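The structure under discussion appears below in the form of structure tokens.
Which chain is which? They are A, B, C, D, E and F, in the order written, and residues in each are numbered from 1.
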Amino acid sequence: MKTHKAKRVSIIIEQVMQRRLAEAMHSADVTGYTVFPVLGGSGRSGEWSREGQVSRAGGMVQVVCVIRPERLDKLLEAAFELVERHIGIVTVSDVEVLRADRF
Amino acid sequence: MKTHKAKRVSIIIEQVMQRRLAEAMHSADVTGYTVFPVLGGSGRSGEWSREGQVSRAGGMVQVVCVIRPERLDKLLEAAFELVERHIGIVTVSDVEVLRADRF
Amino acid sequence: MKTHKAKRVSIIIEQVMQRRLAEAMHSADVTGYTVFPVLGGSGRSGEWSREGQVSRAGGMVQVVCVIRPERLDKLLEAAFELVERHIGIVTVSDVEVLRADRF
Amino acid sequence: MDQILSLAVDNLVSPIILSFALGLAAALARSDLSIPEAVAKGMSIYLLFAIGFKGGVSVSAHGIDASLALSLLAGILLSAGLPFIAFALLRVMTGLSRLDAAAVAAHYGSISIVTFVAATSVLDAAGITFEGYVVAVAAAMEAPAILSALWLVSKNGKRESDADFMQEILLNGSIVLLIGSFLIGWATGQEGFDRIASFIDAPFQGVLCLFLLDMGLVAGRGLRQGSGFLKRGLVAFGALMPLTGAVLGLGTGLMLGLSTGGVALFMALSASASYIAVPAAMRVALPEANPSIYLTLSLGITFPFNLTIGIPLYVAVASQITGG
Amino acid sequence: MDQILSLAVDNLVSPIILSFALGLAAALARSDLSIPEAVAKGMSIYLLFAIGFKGGVSVSAHGIDASLALSLLAGILLSAGLPFIAFALLRVMTGLSRLDAAAVAAHYGSISIVTFVAATSVLDAAGITFEGYVVAVAAAMEAPAILSALWLVSKNGKRESDADFMQEILLNGSIVLLIGSFLIGWATGQEGFDRIASFIDAPFQGVLCLFLLDMGLVAGRGLRQGSGFLKRGLVAFGALMPLTGAVLGLGTGLMLGLSTGGVALFMALSASASYIAVPAAMRVALPEANPSIYLTLSLGITFPFNLTIGIPLYVAVASQITGG
Amino acid sequence: MDQILSLAVDNLVSPIILSFALGLAAALARSDLSIPEAVAKGMSIYLLFAIGFKGGVSVSAHGIDASLALSLLAGILLSAGLPFIAFALLRVMTGLSRLDAAAVAAHYGSISIVTFVAATSVLDAAGITFEGYVVAVAAAMEAPAILSALWLVSKNGKRESDADFMQEILLNGSIVLLIGSFLIGWATGQEGFDRIASFIDAPFQGVLCLFLLDMGLVAGRGLRQGSGFLKRGLVAFGALMPLTGAVLGLGTGLMLGLSTGGVALFMALSASASYIAVPAAMRVALPEANPSIYLTLSLGITFPFNLTIGIPLYVAVASQITGG
């Protein structure tokens, strides 16, 4: 089947920042994304898990955004501003999508 | 370590359609997949979130399927039929897998 | 924006093995990873789903680890030992990350 | 009239309604208050189990008369028939497409079990009894409306109507739980009830409060996001259609010779609109219909309307007419 | 005999059993009825806490005699010993491999706490008392069977048996909660009980109903998926093994000089098969064993068998023999 | 002194405290016992709703006097002022940076609603009444401390302090639920209470037990992971600061002319440290502050301190001084 090149951006960020990230993405004209739950993890700031965490306020989520390659930079800049001061991991990968008109 | 090329197909689809997608995949001889929960998202049909959604019946899931490259097309065709009329995002990416005999 | 090459390793493994996998990763000096919940799936051992499963003890999780390319092999070896005897799917893909110093 | 007013006021300052109002206000003010999905689903399972069980126990106590079968039949006919009226009204009052109108119509033929539960709780508080088997009628009214709506748009090419889909809507979790617990209550009777009364009876009102708090939160969020769809015609429909349904429910209840409480519940069932089973079925069978329209209308307009104004009105009218 | 029959019939039309049957039927009919995982886990925590607490309160009221220590020891020996019998039976009656047979055997040495809870609820309904500390015996019986099963296949190369694994099975959540709430009940006694009785006592039966509804759903789904594994020999084992266990439990209970209720509970514990702690341990330690076999057998055959036929039988036999 | 001791001992062997201890011990021993997040959140919603509702009912019964407004004002001032004292103590007693010290200080100005609930339950058990509106004071004390802490570090460049953030901390779920249910209780009064008493009153103590079990588990895990941060100075602060807060709460309560129970609750509120609302706000506004420090301190040291030693002490002192 015919597929089209796109970029998949994954941003793992604290749940308390999710609304702000959504707003930043909207300002960058990115209106398509999906939010996934995160159970736990480990990083420079140690280990945590959703059930075991001291404050349940402290969980993270993963926001995944599939986007046309030419719009990537604008999204990364919007995300970077938030991720800079806050905990967060941003990865970008190449994907193919079925219907290009959607992105 | 020795790895083998494969394709990773991700299908984000409404939860009510999950059983039908599984059936379509079985008819396409795809029997290996994993289903991930989705918390929320945004798209052309607006924003939604699992806790905030008007009907909890309306959530989405992500079905991820790792498959040999030569079987990709058959899977995409099976998925496309469902995704065509229904909300859904299909992405394909290249991955390496450890044990090729499994796929 | 400037990005850096990295590898994304995804390991789908039984929940009961998660602690052991974390320990194996720590021994391989991999301290950054994120754990995602899994709702269900299908494979050679049949279909299962979190709500429908006979024993709730039997669920799976996905551990995702973003890592510098040169450290990939050490991680795969550590993971393989566990995945070998146990149910599990390991995939590796190329990603770009924003801040290389984090990985 | 006085009675209606006093019932309405009593109803409005009850913990149940105020909890709904609290949720609504919190969501409209964008508070982050939320009830976990699993807990909300757990409460709805509790409410379905308890209401079904109590209906069954009541049937085991009073026995069944011929009207059980007739009531079930009448419920099925109401559920199947109301979508046609709703569809006609929508085509006249609003600019909805045939597809969207059919999808909305399905919701109004089907029922909202929380509206039903709230109505029984108003009846209980007023000391008005009702036929226990009305809970089985509620279950019977869930699905037929879906088929009517699909028939309304069946010219539109191929539609989902295979055996699989039928099984899905008929063996829907809430139907199974309602009928199942009704049968369990019937089989175990008063003795069974006594064993679990302190679980299914004593905390019932309180659980209903928290459940309605969640309904308020969800309705408020829906209104915030979907208010763009609420043209004047639609809002008017959202209040007119329950009243229309209630009149038909009244006629049916009277024809069946039900008690005051039974008539009031028939009114409430006919007046109520589904927001769980039917939306899910619509996403499968009519995915092109816009969910924001039917959800916002059902949950944001008709549910609050029934909860605050409708139910006390139906109870008052039923009392007046049956002289109960 | 009459007593057995009447107990069995009473048992079968209780809300508890019928709730289980409802869940089973719903799952077999492919209804989408389901109870959220978090709610099911919450209910199991409630049941463990309540049953442990009540056991402790009962010990604080009646004091302990020498038989507490003896009972604990006997329970551990039963749990460790039953897997050998189960393993031998499986090798004779079925074509299971050593590995699968050992994994199944572990389940039958260990216990099902819901079976235990259901048995106490039958005893309560029949007005038969029991030693409060049997709940501690239940906790003590959870883990030893796992070690026996691992020993049975220990020739099979290297096995998980490190300190980590031991700690994992001994500090398993349900053991800790059962023992912990038992100690809390013991420490706070009747006064503590009075403070929380309307939480842990009054709604207990009702929560048990909903929990068994979920068990029925899960067992039904397991049967649907795993019925391919249920060869005739395995099904026969699933009914024969609990009876064998019950006979050993009976002998042990009598030797310990327990009350009628205590003996019946020893029978139920020995007869029951684990479906939470042991499966998890098997996935870690014997991952090559097929989970569909042990789960389907334990949850799909033995649990319903004990719930419907086993428990009333054990209570009747214990009453008969102890003359209680 | 005797009274203090006996209260303290009574308090320590209550099911509530022992449940917390069980959770703490289980987590420290690395048991896998855990309560699902959704269930824990459901219980906290239940507790907030019940405590708010009961406060409102009490106000509807006793009416309000001038001191309601004064108490609210005093609460706000306490919450805003305590962070300055905490900040000064931290800078003297510990080596924390300004940023970390400010973040910790915010927690100690704000309140822990579970500490408040535990204190009311000790008062109830001792038969000591209190002003119902103190629950509204608790809600009012949640947020001001956050602003003080932000002010303390406001020189540090640009800080989140936009309208959005203000709305977020003021319409925080627990504040909205507490105030909302307080108003519902007030509006529906004794009649409303009677309708849902068997839900919000009867099982309250039991739910509190399970909730504290979860708090123990979470505190234990926090201590295990965060104990590295607990230098001697910090631990001392974790016990000294609640006592300091309690003294100020005592003075305020006396000045307001509150009853014995009211004074004790003002002490408990001032002594308690937030572990839900403030940490979330700190992650947004002061992300560079180390969460392990404030969470471990608040949940691992101060919460257990208040639960075991603090509350009985505050109640005893309040009784002594007010002659209650």
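Note that in this section a contact is a pair of C-beta atoms (placed from the backbone, for glycine too) under 8 Å apart; a residue touches a chain by one contact, two chains touch by 3 or more.
What you are looking at is a predicted structure, and each value in this text was computed from that prediction instead of being measured.
Trainee: Starting at chain B, how many touch steps does it take at minimum to reach chain E?
Mentor: 2
Trainee: Give the chains in contact with both chain A and chain D, ordered by label.
Mentor: Common neighbours, chain A/chain D: B, F.
Trainee: Please flag the chain sitting at the greatest distance from chain F, going by CA centroids.
Mentor: B
Trainee: Counting shared numbers against all numbers at the contact of chain D and chain E, is it over half, same, or under half, different?
Mentor: Both copies touch with mostly different residues.
Trainee: Between A-F and E-F, which chain pair shares more contacting C-beta pairs?
Mentor: Of A-F and E-F, it is E-F that has more C-beta pairs in contact.
Trainee: At what distance in angstrom does the C-alpha mean of chain B lie from that of chain A?
Mentor: 19
Trainee: Provide the C-alpha centroid distance between chain D and chain F, rounded to the nearest whole angstrom.
Mentor: Taking the average C-alpha coordinate of chain D and of chain F, the gap between them is 40 Å.
Trainee: Using mean CA coordinates as chain centres, what's the gap between chain C and chain E in Å?
Mentor: Once rounded, the distance between the two centres reads 34 Å.
Trainee: Please set out, as single numbers or ranges, the residues of chain D touching at least two other chains.
Mentor: Only 34-39, 41-42, 198, 202-203 qualify.
Trainee: Which positions in chain B are in touch with at least two other chains?
Mentor: 36-37, 47, 93-94
Trainee: By the touch definition up top, name every chain pair that qualifies.
Mentor: Touching chain pairs, listed by label, are A-B, A-C, A-F, B-C, B-D, C-E, D-E, D-F, E-F.
Trainee: Note which residues of chain A are touching chain C in the complex, please.
Mentor: It is residues 12, 36-44, 47, 49, 60, 62, 73, 76-77, 80, 83, 89-94 of chain A that touch chain C.
Trainee: Residue numbers of chain E touching chain C in their complex, please.
Mentor: 27, 34-37, 40-41, 217-219, 221-222, 225-226, 275-277, 279-280, 283-284, 287-288, 290-292, 295-296, 299-300
Trainee: Taking the complex as given, what residues does chain B use to touch chain C?
Mentor: 1, 3, 6, 8, 22, 31-37, 61, 66, 93-99, 102
Trainee: List the residues on chain D that touch chain F in their complex, please.
Mentor: 13-15, 18-19, 22, 25-26, 29-39, 42, 125, 198, 202-207, 209-210, 213
Trainee: Going by the contact rule at the top, pick out the chain F residues touching chain D in the complex.
Mentor: Touch residues, chain F against chain D: 36-39, 41-42, 45-46, 49, 53, 167-168, 171-173, 176-177, 180-181, 183-184, 187-188, 192, 195-196, 198-200, 202-203.
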